[in-house]
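Right, one structure below, let's go through it.
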Amino acid sequence: MRLDQRAQADMRTIHFETGVNKHAEGSVLISVGDTRVLCTATVEEKVPPFLRGKRQGWINAEYAMLPRATAQRTGRESVRGKQTGRTMEIQRLISRALRSVVNLEKLGERTVWIDCDVLQADGGTRTAAITGGFLALVLAVDGLIQSGKLTDTPIKEGIAAVSVGKVGTDLLLDLCYEEDAAADVDLNLVMTSSGKIVELQATGEEATFSRREMLDMLELGEKGIEELLQAAEQALGASWWYVGEEVEHR
Amino acid sequence: MRLDQRAQADMRTIHFETGVNKHAEGSVLISVGDTRVLCTATVEEKVPPFLRGKRQGWINAEYAMLPRATAQRTGRESVRGKQTGRTMEIQRLISRALRSVVNLEKLGERTVWIDCDVLQADGGTRTAAITGGFLALVLAVDGLIQSGKLTDTPIKEGIAAVSVGKVGTDLLLDLCYEEDAAADVDLNLVMTSSGKIVELQATGEEATFSRREMLDMLELGEKGIEELLQAAEQALGASWWYVGEEVEHR
Amino acid sequence: MRLDQRAQADMRTIHFETGVNKHAEGSVLISVGDTRVLCTATVEEKVPPFLRGKRQGWINAEYAMLPRATAQRTGRESVRGKQTGRTMEIQRLISRALRSVVNLEKLGERTVWIDCDVLQADGGTRTAAITGGFLALVLAVDGLIQSGKLTDTPIKEGIAAVSVGKVGTDLLLDLCYEEDAAADVDLNLVMTSSGKIVELQATGEEATFSRREMLDMLELGEKGIEELLQAAEQALGASWWYVGEEVEHR
Amino acid sequence: MRLDQRAQADMRTIHFETGVNKHAEGSVLISVGDTRVLCTATVEEKVPPFLRGKRQGWINAEYAMLPRATAQRTGRESVRGKQTGRTMEIQRLISRALRSVVNLEKLGERTVWIDCDVLQADGGTRTAAITGGFLALVLAVDGLIQSGKLTDTPIKEGIAAVSVGKVGTDLLLDLCYEEDAAADVDLNLVMTSSGKIVELQATGEEATFSRREMLDMLELGEKGIEELLQAAEQALGASWWYVGEEVEHR
Amino acid sequence: MRLDQRAQADMRTIHFETGVNKHAEGSVLISVGDTRVLCTATVEEKVPPFLRGKRQGWINAEYAMLPRATAQRTGRESVRGKQTGRTMEIQRLISRALRSVVNLEKLGERTVWIDCDVLQADGGTRTAAITGGFLALVLAVDGLIQSGKLTDTPIKEGIAAVSVGKVGTDLLLDLCYEEDAAADVDLNLVMTSSGKIVELQATGEEATFSRREMLDMLELGEKGIEELLQAAEQALGASWWYVGEEVEHR
Amino acid sequence: MRLDQRAQADMRTIHFETGVNKHAEGSVLISVGDTRVLCTATVEEKVPPFLRGKRQGWINAEYAMLPRATAQRTGRESVRGKQTGRTMEIQRLISRALRSVVNLEKLGERTVWIDCDVLQADGGTRTAAITGGFLALVLAVDGLIQSGKLTDTPIKEGIAAVSVGKVGTDLLLDLCYEEDAAADVDLNLVMTSSGKIVELQATGEEATFSRREMLDMLELGEKGIEELLQAAEQALGASWWYVGEEVEHR
């Protein structure tokens, strides 16, 4: 039995609230247990300098935590004058993950900014940011199509992310903060709705692990991804149509 | 009639949701119309260097906007590497305002950090931050007293803030974004529950104003402050007890 | 009687020395008591990006203190790597104030930079910077007209600024440093020669004040503004011509 | 056949030159094909603040590239004023990897800094930095034992790192720059001499991969790790003694 | 004949105004032609970390230019976020120069900060800063002795600095801005009252020079140094007593 | 006898290894005793903004030390967020020195970046950087001519740099670190193959020196320069052809 009465392969409660920001082209507040991340998608009708004239778009994600998202207050990166290595690593991961399911040529010469701001942290903020960021992206694409700026959806399939860990000798799905802090091995899995892996990062924290353990953790992760994608499909409703489907006359 | 059908002296809908963050010693999500600011209070059992050994506490506020709080996405200050002048000006104002109703000696040698993060902006974010930040502060003081760290409340009285503006020839209470952008004169008023002024900033934007206009704006502001403080009292419930009252055996 | 033998409503000695910099398009050294601010105006024949093609000009002020302008040496902002919040707040105030009396369309597509560097500080540096900055601006406009780059003066009227404070129960005009440090309430007033208010900032320093006190302080401030504008007119001599007057054949 | 005539499972030529810096407690120049990384180990007799008094040591790695390590000159991070996200991500990886094979309690209250500076880059610089950094670390430990500061080696076992990639449909070991640039999937493997995994990062670059492909890449990586560890053992000579062995009377 | 009618070996008019800052322990406004540098000396009763407990003092100089000291406005280093290489080079030079004539042990465990702020630049600002900075230092030492904090003067002898240049085929003393901009060779000389060299920097600007030319420039420089030191002695009056003399009962 | 058995006027062993970087247009590893500086030349087919359209090229040098180039580890400037004053001073010196022997018009509208990275420091790193940087530059020019981008060499003559110092009463050529640390006077000399001076910087470190001593140090320096240029000529082989010679049909 885990701290919060879950079994080893149980996800925490997943909840998506869409349309939480009146300005953004897409927005969702994702909750996975007590972790809450506000994700917005902003469509900008230009591309970064290195892509100009290349007839393709770009997805760029940023990630941050509010100072009191954490149990102890964390100083603001804007006061400190720079982003931490952890922040940069995470936002590079989110960006790569979302780009892997988008046909950037079909997106056209525009950038979609995905802002993931952690309102409350309880483990798994980077994976929640990927999952929530994807929903914000789909909602923004829905808007682009409704407004006629796009005719085809550039989204190739669904994507979600989850953490798995080895705590003592137990392999556990979807770690909360206390479990994460105690884990010897930490695995983050990003996977698509067709079951392909986009990113797998398995890390021993002053520890090592075997191939067998890695495969068992991968299996747990796959179970979590499925549940996340089901919840996502439900939350998106009609917008799910744009996940991997060409747009026809509705 | 105003854009959103309000009369000249009408506030927008005021709403406070308390306890929105499981980590913070005090937290509130304030909504004034479509402006939404998440305010948390963090109690730190130490004071800044310049106050060490002076037997008093300190209140320090920080303010920021999420990138897509605004109609156009605003780049993150952490990416830019520094806070803007506007941000610094606002957080200095919030800090001063809250300190004016706190007996810092009674607070003891501790710092209360007030973090005000704008989730959605529609005019009046700095005044909403002061009003919401005050509620987060009261909730934190409630906790300090419940846990026996304080016996007397250090809070001297209630405080709230509101904006008033001159748009064309009209004087309007509680400007939304479009009104704020069109205003010739902008007045921010911070006032206590006993009707004393803490801060009054009246600014002509490439414009000027008369003493008469200032007094009329002040009167409008006083009306708004009263409504804000009533809503605050209701939202705080039993915690309002600690606003300017000594703690007795309840 | 005040520290320096002044009565409650007395200004300190006001002195302007014009033409103190051989490079600048306009320059003045303003002394108000022992406060001395070197103000230069630089005319740049272009506007900031956000104004390009909008057929108007811009006024941008910067403010700084020499390290030993103060009783204790203050470290340089260039060494620290950024401007403080106080500096930014002040230079935003100076910029706004000067823009309020300039017809930016008449100025044409050029920027006037007003640099206010405090050589010696003894209270009221921000208000001295506004007053002195205005004179530098007028001198630069005189030069633009003499050289034929402008035919009409873009200056709508005169402007000056002064501080007032509540020290104990006394309301005092034009605070020196010791008075400022002891003040419970601090009011900065920016006003035009026609008696219109441009900016009024009244701040309780861990204190509050009543509407009556604010009005009394405002009255004191108006007296100070008048004296400053008289001294300014005298110092500018023929250049005063360009304060709010169309240029005719002289 | 690959660009440089290697077969799919071939490593490039591995070379270690030890003792390349007369000041450092340990130093090695690692070459893997044309990739050359200068690794130094510095022993500092103190620990970071968060570890003070905890009776354990710390390993901290930093990574950088000389401006012309790359085919196109890359601007210096010191001129730019901050490290890139890529740099921070890599140095966090190196630090974690080396800590996983060190008994930090046995190391005592000291920090070993591992500096990895890329003199010439041709793919695989982060994995070469881990492998080379480990050798520098062992040499520094040798010195600590020779000088009597340590009696037991804190090193638990050997460690090395290698890259594997999927280019088109081929899975290739130890990618050179051109292969890396063309790869759809990139896998970095960090593994110990006992065959345990320390870190596995598999990333689809705007692409995905199956579990089968991941396992095949892992197998290729294991082959590379073995060859690297053999070469490391040979290069370290007698110092290899300190890799996971208690120190006896030699 | 030079631009300003001087002969080849003529200095521009030298003027020192002492006591120009009411806060500083020593202050002087040095004018050399149209170059004007405000120099203040601040005595701080502590030393930098690297000197703690070493029973000696320290001299630290900082240098900056007001934005409109120059013909074209120069952006502030505080806005830019860092000091330029030129600024750092100059303040290192001033610091070294002043330390060379001070017995740091006799100064005691205190730091004298020398702030040199260029109000108006017309060539030779760094040399004027050294000369003026020395006078501010002497005045501060005078104060230390008058107040009984020092009994012996720590100043070993007088010091001054001047520029010399080769313009076309002419060797010229004390270059003004136009001459400096046109010079092929630029020599800065720092020398003591006993005729010893403290620093000589001779630089070809995309040009070279012979040993003969260097010696001729050195001779010109010596002449300038003598005139500067005579003017300094006159300006310091009784305070000159502390330049290299033990303090007796006056 | 000196620490390393050299006579007063002896250089340390000089060694150049060319072609040490496969990407750079020119590269050399210079060793002077235990000082080792890796110098690369990068040709960029554009000029800085201030030179656009002026039909000339530019030489820009950058200098840095690896963290453990020094006896004690030095923190990275990229981590600190800015370059030190020492670094900026040195790279300005290297840039000026190399530009003095290049005909920038003949170089054409391109920039040559000279990167000087100190792998190991033992005194004289800035002078080694100039000498080594020159060789990298010549090799890059050779490449420009071989590839037909240039027909004439823009290099006017050879250049090298060396340090001289006064340690106690001894004048010593080419100081190693211990000598440098003990020196009262430090002289850096940059000179061309025709015996013209490009830069002479003589500095008393809390000390002074006479004209006689300066001339004696200059003479020692000239001897060192000659030896450096002979070694450079030998190392460059056929590429020496481009040092000050027009290109004819070889």
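Letters A, B, C, D, E and F name the chains as they come in the text, with residue numbers starting at 1 for each one.
The criterion applied here is as follows: a contact is a pair of C-beta atoms (placed from the backbone, for glycine too) under 8 Å apart; a residue touches a chain by one contact, two chains touch by 3 or more.
By chain, UniProt protein names: A, B, C, D, E, F = Ribonuclease PH.
Just so it is clear, the structure is predicted and the values come from calculations on it, not from any experiment.
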* Structure fact -> Between chain A and chain F, the fewest touch steps amount to 2
* Relative to chain F, which chain has the most distant C-alpha mean position? -> B
* Rounded to the nearest 5 degrees, what angle rotates chain B onto chain C on CA? -> 180
* Kindly point out which of A-B, C-E or B-C repeats the E-F interface, defined as over half of the contact pairs being the same residue numbers. => B-C
* Structure fact -> In terms of mean CA position, the chain most removed from chain D is C
* Asked: Could you state the distance in Å from the CA-based centre of chain A to that of chain C?
  -> 51
* Asked: Any idea how many Å lie between the Cα centroids of chain D and chain F?
  -> 33
* Distance-wise, how many Å sit between the C-alpha centres of chain A and chain D, to the nearest whole number? -> 29
* **Intercentroid distance (Cα basis), chain E paired with chain A, Å** => 60
* Structure fact -> By the touch definition above, chain B meets two or more other chains at residues 81-83
* Asked: Taking chains as nodes and touches as edges, what kind of graph is this: line, ring, star, complete or other?
  -> ring
* Structure fact -> Cyclic order, anchored at chain B and moving toward chain C, comes out as B, C, E, F, D, A
* Structure fact -> The residues of chain B that touch chain C in their complex are 82-86, 88-89, 91-92, 96, 99-100, 104, 192, 195-211, 214, 218
* **Of all residues in chain E, those that touch chain C in their complex** => 21-24, 27, 34, 38, 40, 42, 44, 62, 64, 66-71, 73, 76-83, 87, 113, 115, 117, 119-120, 122
